[in-house]
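First the structure, in the form of structure tokens, and then the observations on it.
Per-chain numbering from 1; labels A, B, C, D and E assigned in written order.
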Amino acid sequence: MSSMAKAPLLEVKDLAIEVSTRRGPAKVVEHLNFMVKPGEALGVVGESGCGKSITMLGMMGLLPPGARVVDGTATLEGRDLLKLSNRELRKVRGGQVGFVFQDPMTSFNPVMTIGDQLIEPLLYHRAMSKADAWKRAGELMRLVGIPGGEKRLSDYPHQLSGGMRQRVMIAMGLACDPSLLIADEPTTALDVTIQAQILDLVKDLRARLGMAVVWITHDLALVSGLVDRIIVLYAGRIVEEADVDDLYKRPSHPYTIGLLGSLPRLHGPEGRRLASIGGTPPEPGRRPKGCAFAPRCSMKIARCETEEPQLAPLPGSTRHRAACWVAGTVSVEAAA
Amino acid sequence: MTIHQQTPEALLKIENLRKYFYVKLGAFGDKAGVVHALDRISFDIFKGETLSLVGESGCGKSTAGFTILQLHKPTEGKVLYDGADLATLSEKELRAYRRRLQIVFQDPYSTLNPRMTVGDCIAEPVRFHKLAAKKDIPARVDQLLADVGLPARFANRYPHELSGGQRQRVVIARALACEPEFLVCDEAISALDVSIQAQIINLLQDLQEKYGLTYLFIAHDLAVVRHISDRVAVMYLGRFAEIGPKDAVFNAPLHPYTKALLSAVPEPDPVGERTRQRQVLQGDVPSPLNPPSGCHFHTRCPVAMEICRSQVPAWRDVGGGRSVSCHAVPG
Amino acid sequence: MAVETLAAPASAADIEKHASLWSDAWHRLLANRLAMVGLAVIVLLILVAIFGPWMTPYDFLSQDLNARNELPNAAHWLGTDELGRDVLARVIYGARTALIVSLIVTAIAVAIGVTLGAIAGYAGGPLDSAIMWLTDMTMSVPNLLLAVVINASLKPPLTAWMDRMYQATLNPIWRNSLIVDFVLVFGAMALVSWPAYCRLVRAQVLSVRSRNYVTAARALGLPTRVILMRYIVPNAIGPLIVAVSAGLGAAMVLESAFSFLGVGVNPPAPSWGNMISDGLRVWRTYPHLLAAPAAVLGIATIAFSFLGDGLNDALNPKGRK
Amino acid sequence: DREAQAAEQVLKIAHGGFDMDWSPMRGGGRPFRWQSLWWASPMRFDSSGAIQPYVVTSWEPSADLTTWTFHLDPKAVFSDGSPITAADIKGSWELAAMPSSKHQRVNQVAANIVGYDEIVAGTAKEMPGLVAKDDKTLVVTLKAADPIFFMRIANHLIPIVKASEARDADGNEVLEWWSPEGGGVTSGPFKITSLDLDAGKIGFAPNENFFGEKPKLSGVEIQVVEDPVAATALLQKGEMQAHTELVTSTIIKDLGKEFSAGPQIPTGQHFWFNVNAAPLNDPKVRQALIMAVDREGLIKASFPDGPHKKTDMVLTAVPGIDDPKYVPFPYDPAAAKKALAESSYGGPERLPKLILAGTTTPAITAAAQFMIEQWRQNLGITAVELKPTIDNFNPADVHIFRDDAGTRVPDAATYLMSSIHSSSGIAKGKMNGYKNPEVDRLLEEAITKPADDPQRVALAQEAQRLFRDDYAFIPWYGETMSRWALPNVKAMDKNLDWQVVAPWAIEIE
Amino acid sequence: MLRYIATRILIWIPSVVVLLLAIYALAFYGAGDPIKLIFLRAPGDVAFDPVRIEAIREQAGLNQPFLVQFANYIWKVLHGNFGNSLLSGRPVWKTVAAAAPISFQIGLLAILLTAIVAIPLGVLAALKQNSRLDYLIVSVSLFLWAIPAYVAGPLLMVLLIAILPGADIPYGWGGIFDPRIVLPLLVLSFQPIALITRQTRAAVIEIMSEDFVRTARAKGVPELVVAFKHIMRPVLTPVVTQLGLIMITLVNGAIFVEYVFGLPGLGRLTVQAILHNDYPIILAVTLIGVTVAMATNLIVDLLYPILDPRAGQGGR
């Protein structure tokens, strides 16, 4: 994709987020740097609890009680979101930035019709009248391919299937033509066939509307056909960042390698033993010294346990970066 | 993985199994509804194999597992095991069989009693089925923990102190404690992270080898299924669409639903994914409360015919160990 | 074939204290300041109820007709009542009454409620409907009627029986007329307070029963008894504990309300309830006679409700704080 | 605003409960306290205990004292102007005796009249012993001679009502015939003008046809105020001027001595012993219990500032209470202890639990608690239980019963007949069949003596002394019939019939 | 829905008969003979004459066997005749018809007051969780919770008598527009307000952590709209249930407040009837009580689907 020349739409610098745990405050996200260019699709990949959601929520001032941003900047179209007042931030949310959340069941208010929920961004960002908003909502419903269109607007969420709910959620995210759509594991709760529908829908919408997308997932297979670039998170830090083709062709961080290796595949040779990563990620606040992945790493060297590697470009590429002392010296074949 | 013999021995024979749930509907819960969760399914499970059951959410996979284990009383049908029809046994009589037929549940978070330590959880079946002398129980627990790759000190922990993968290991250890012959894995890995998923898959495979277990592996992730199973059964809305040896089903699916499922699975291959032509199914799975007439799949089927609307396709053996239920499949 | 083990580092940081859920809840409770205040008050109350009568300089019964209705002073910290009895001593002895009352009422109510609720929840079907019907009907019976009826019909035979027991054994326990009052009046109160517990337990059992770990226990082939005792009850009990701690306070108030209507603890045995109702008759002239017991009752009620709220938060794993 | 009240002359009365039945035919209850306000009686006692004519102006007995002839005031009329006739008195008495009337004290007036037993048993609706010789002459035939029969009817227990309105064809009472809707015909100085029982409000206006003195008040309002503390506050503010029956332990402090002042009436409150059930069937136990109680303290614990007065005997406020031969029970803890030790129980240890019933008001409870404490300190008895209610009263279940004894005539013999004679309710019920043949004999003889015969009193006194020696009760106090009215309300004096003596004279200053 | 209501009522009838039987039995066997009580309760010199009492009982029909009496009673009730009070002889319906509307009006008003005061307070406390305002609201509601109505009532009552001039004594019943209603209403509402405030607060705090609230915020919906549009309705479900329960106790159990403020309502009537074992009244009052309970429960159940459209979907 040719998004190189454009100025970044969103630029996150040195973001750090802290949560309160039983053992006191703990940084769950730290030294986070990434950017999204206009129209670009970024995949954010990592295991559960590595801080994917909290990063996005943190930027938008949507953190749950007990969590707070402690450092960094997040510049959206020239404005630092972290410095905005609540009122200004509200303008951004749902206006410039649309959201799609993971669980389409719990993310809808069960006692309001989906129409009432769908028109809200229009009411509060576009100052539309209710009637106009309702009309536009009908269009949105058709846009995301809901059979029946505006007729379903007066349904309650429970009357829709999971897939349809997720479509409505996407419609809601797109209501005000945002320049950025943040999708937090939008298909994890869905069936494969429905997941495929949603993937196709988003691809299609992106082609038509041209917005940038941040797609959070733990499934490396899922985003491969969808995004332009991928960042891999481990324990709250970026461990690898690359263009999508590059990453799958030449995964460099042992963690990425492990992730890819542990994916069972539908095609190709079978009957092999899966290359799993032993152990579990550290809990927040119990980050080991040195590289956080070192305890699980099969390629670790002495240095890994004492010194934390920084994200650095790999030899031969400026756009492929990894945070590893041994990265670049291993290849996919070696890992598999 | 075991390559089964020419005339494999059936460990379990399921005949015409049916399970309906009767539910209350209406704003005041004053209307009755029937969920056709399992609609006359028949199949065999062979000793030592891994049979996978795939299908979309709500199609009755779990119900099948539960009903076979008599955790739900079947509405109709037989579950023959070791010469006995489990469906006719009382809860007391079943207890002896329960030990031999075990299950690992989908959600490792909720299948462990939050108020019992891991050690207690695992010791419980050992104690009640008298599988070890009282004084040997702690040693047995340690051994089981070791079997699933957990250090012995975990015995004193409570479930909430474990990660998801560790919990799933405990659940497996608990099932193993019964020294079962047959293990139903109801989406045993779906809730886990990829890296942990691979650990558990490997573990299950190792254990099968070590103890000669037979698996009914319930999953919705076809890639995992391909990796682990000997045979695959595909379910749609309470009925079997097709069943057959894994390679046959994956390489030459017969039922249009199986084809659609396979085509929907994403691959970690950006180039292939970008260019791949998918056969995306339209619409959603109909409600089992009010299933379509004839072939349940006809509402979404790309090759549906007139007959599909009215007639339930027969469950036919098409040779090569494969059975299918589709009007469009010749033979 | 070797099973791969988790590469779990055995560093010093990992040797952690293994907190059970209960001790976890306890820690959360310890961190809740209001709940601790409540708990402290309740502990104090219990201590006072047990040892108080030996610590006061006055006997709660002895009268001094020359020192009637005295306002609080150095000799009588809370003053004296119409018969010249020390109010402090009576309030302290009343703590015993209050505690016994709330314990008995709650114990009986909980016993009935839990049994019926558990049966209803576990058995389901017609038995469930029958028990729920009984619950609804019980809530419709005026509780005062029940108290009056029970008092009138059961008290004489019970009192007579106790006296026969005393005559046979000469054990002063049988002489304690309070016991009869408690058993009857508060038995009646219990008979009307159980439905709340029954509903709660039923709901709990219904929800716990469908939890996966119960199904898992069934799949393990464990006997029903074990499933009930080790899987269902311990997990259903949290909200019950909360309800009980709030119920203890409510029972004290109910006792005082009954006393106010004249079917509570009979004098001369002091209870906060009968002290309040006596105090209400003269509060304009001798405010201390109302203020002392009412304040103590209020503090105890608040303490129980603090503790109940605290337990609620502590036992709820979702609850942060 | 005192002046405003005086100008208005409306007496506002606080009433202690929502009484739903204000029929004058009940012979008791709170409404009875205001009977004389709106009903006339045959004769009436003044506050000094002298009989005054009212509807009946003169009477004479036959020589054998079994037939009495009463002459009615020819001017006596009901509030509707119709004359009060002998038939009305006859009808009133018969109505009161009908079972459906549930009259509580009809026996005190009519028990001796020929035909009473049948009507009371529900088998008749008229008493042949009552004959209206003409409109203004009533002849009463008694079953046995009674020298003081005329005194027995000189009260408001059965006031004179218009029988034709009050009785239906079966002789029973017409529901709420006395209410404004029911006609509201009265015989007394006031008539009822408004009635809202559910709201607890009753209004009276002067009966312009009243045959006696013209009432001074322009109206009376009764309003229910259940809570005594609230009632006290209202009285203190002058919002209300009188109360039906205000019993609080702080009444003197709150409202002054005059508020509850009044004459002593022949009613006494005592604690009666169940002499026929263990352990009080043992005279030694009874002695012990009595002598262990300091009765000075008893009154101090209950009515320290009055208005009631301590008494040592059954009798109060009747001729004959000045009996020099009567020895009060001593307060002697040592003797009491000794008596208990000498009893068949040998001491407090083996004594069965005592149950003390009838502690219905705070003052009674205080007195009872005082006794219990005395027994605990002086005798070591700990097992005593108070039973406030007296439901399902079963004599065997109760050992000590608080109850009042008394009479509506200033006569010692009648007083004792209704309290310690074996036929009395107290002897039969509360004392569980107390019977001393000698006491019975003396009393039976006494009541046949004419009212002015000194023997009548002497025999009664002797009977009381014998009763005293049976150690069957703990004397407590003689009752004062309080005015329960603010000092600015004049002529609120009451008599032994618990009634305002001259309601027409009540006046607010 | 009509069918549903009809079924509920049909189920209700036999329940009521059983309940009445139980209460009749309690009164008949347990609480003492009402006629005897009339005489026993009267002071000293009463005519406690067994023959007479038997005659009175016979006339009132009280000497018949229990089941006959009960059958007679039900028969009469079916014909709309609730009998006469044993104490006053007045028709029961008259007494009850005077008392019930008063209790209903006060109960409804108190519920209304509770809802108006407590729900906003609870929401406010939850939105400002752990602020000073929150602590204030919580502690005031705890305080209200801790003083029983029978203490609060007399205190306020007499304090007001002492303060208020002349005509405005907060005593007695003059309809709901009479200023005298204010005090009893307040006292009656104290504990419900405390209860509902705390419950609303807890419910709001819980709902605030729901995903859909985050969704609403992510749409840029203003906080106030989030609070009142998104959070309020789900909160109302448990609150309405609780309000229903309170309604039932308020109508049937406002004993103390009615006593202290001289309100001639059902609570006072019940106490009096019970103390005198006037069972025609007890039965009628119970009947009203169950009817109120049933009607309230029915209304609450009918409200559920409106408050929560999910109700009844799938297994229940």
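Just so we're on the same page, contacts are C-beta pairs under 8 Å (C-beta built on N, C-alpha and C of every residue); 3 or more make two chains touch, one makes a residue touch a chain.
If you're wondering where the values come from, they're calculated on a predicted model, not measured in any experiment.
Where touching is counted per the definition, the chains common to chain B and chain D are C, E. Annotation: B-C is the more contact-rich of the chain pairs B-C and B-E, by number of C-beta pairs in contact. Annotation: 24 Å between the Cα-based centres of chain C and chain E.
The geometric centre of chain D is 39 Å away from that of chain E, both derived from CA atoms.
Chain geometry summary: the mean Cα position of chain A and that of chain B are 31 Å apart. Chain A and chain C have centres, each the mean of its CA atoms, that are 52 Å apart. The set of chain D residues touching two or more other chains comprises 229, 233, 391-392. Shown for chain B are the residues that touch two or more other chains, namely 166, 199, 202.
In chain E, the positions touching at least two other chains are 31-32, 154, 158, 209, 277, 313. Every residue of chain B that touches chain E in the complex is listed here, in rising order: 21, 23-30.
Residues 66, 69, 71, 91, 94-99, 102-103, 105, 107, 110-117, 124-125, 128-129, 146-151, 156-158, 160-161, 166, 171, 174, 178, 199, 202-203, 206-207, 209-210 of chain B are the ones touching chain C in the complex.
Residues of chain C touching chain B in their complex: 1, 3-6, 8, 18-22, 24, 211-213, 215-224, 226, 230-231, 234-235, 317. Looking at the complex, you find that chain A touches chain E at residues 57, 60, 62, 64-65, 86, 90-95, 99, 101, 103, 106-112, 117, 120-121, 124-125, 156, 158, 169, 172. Against chain A, the residues of chain E that register as touching in their complex are 209-212, 214-223, 225, 229-230, 233-234, 307-310, 313.
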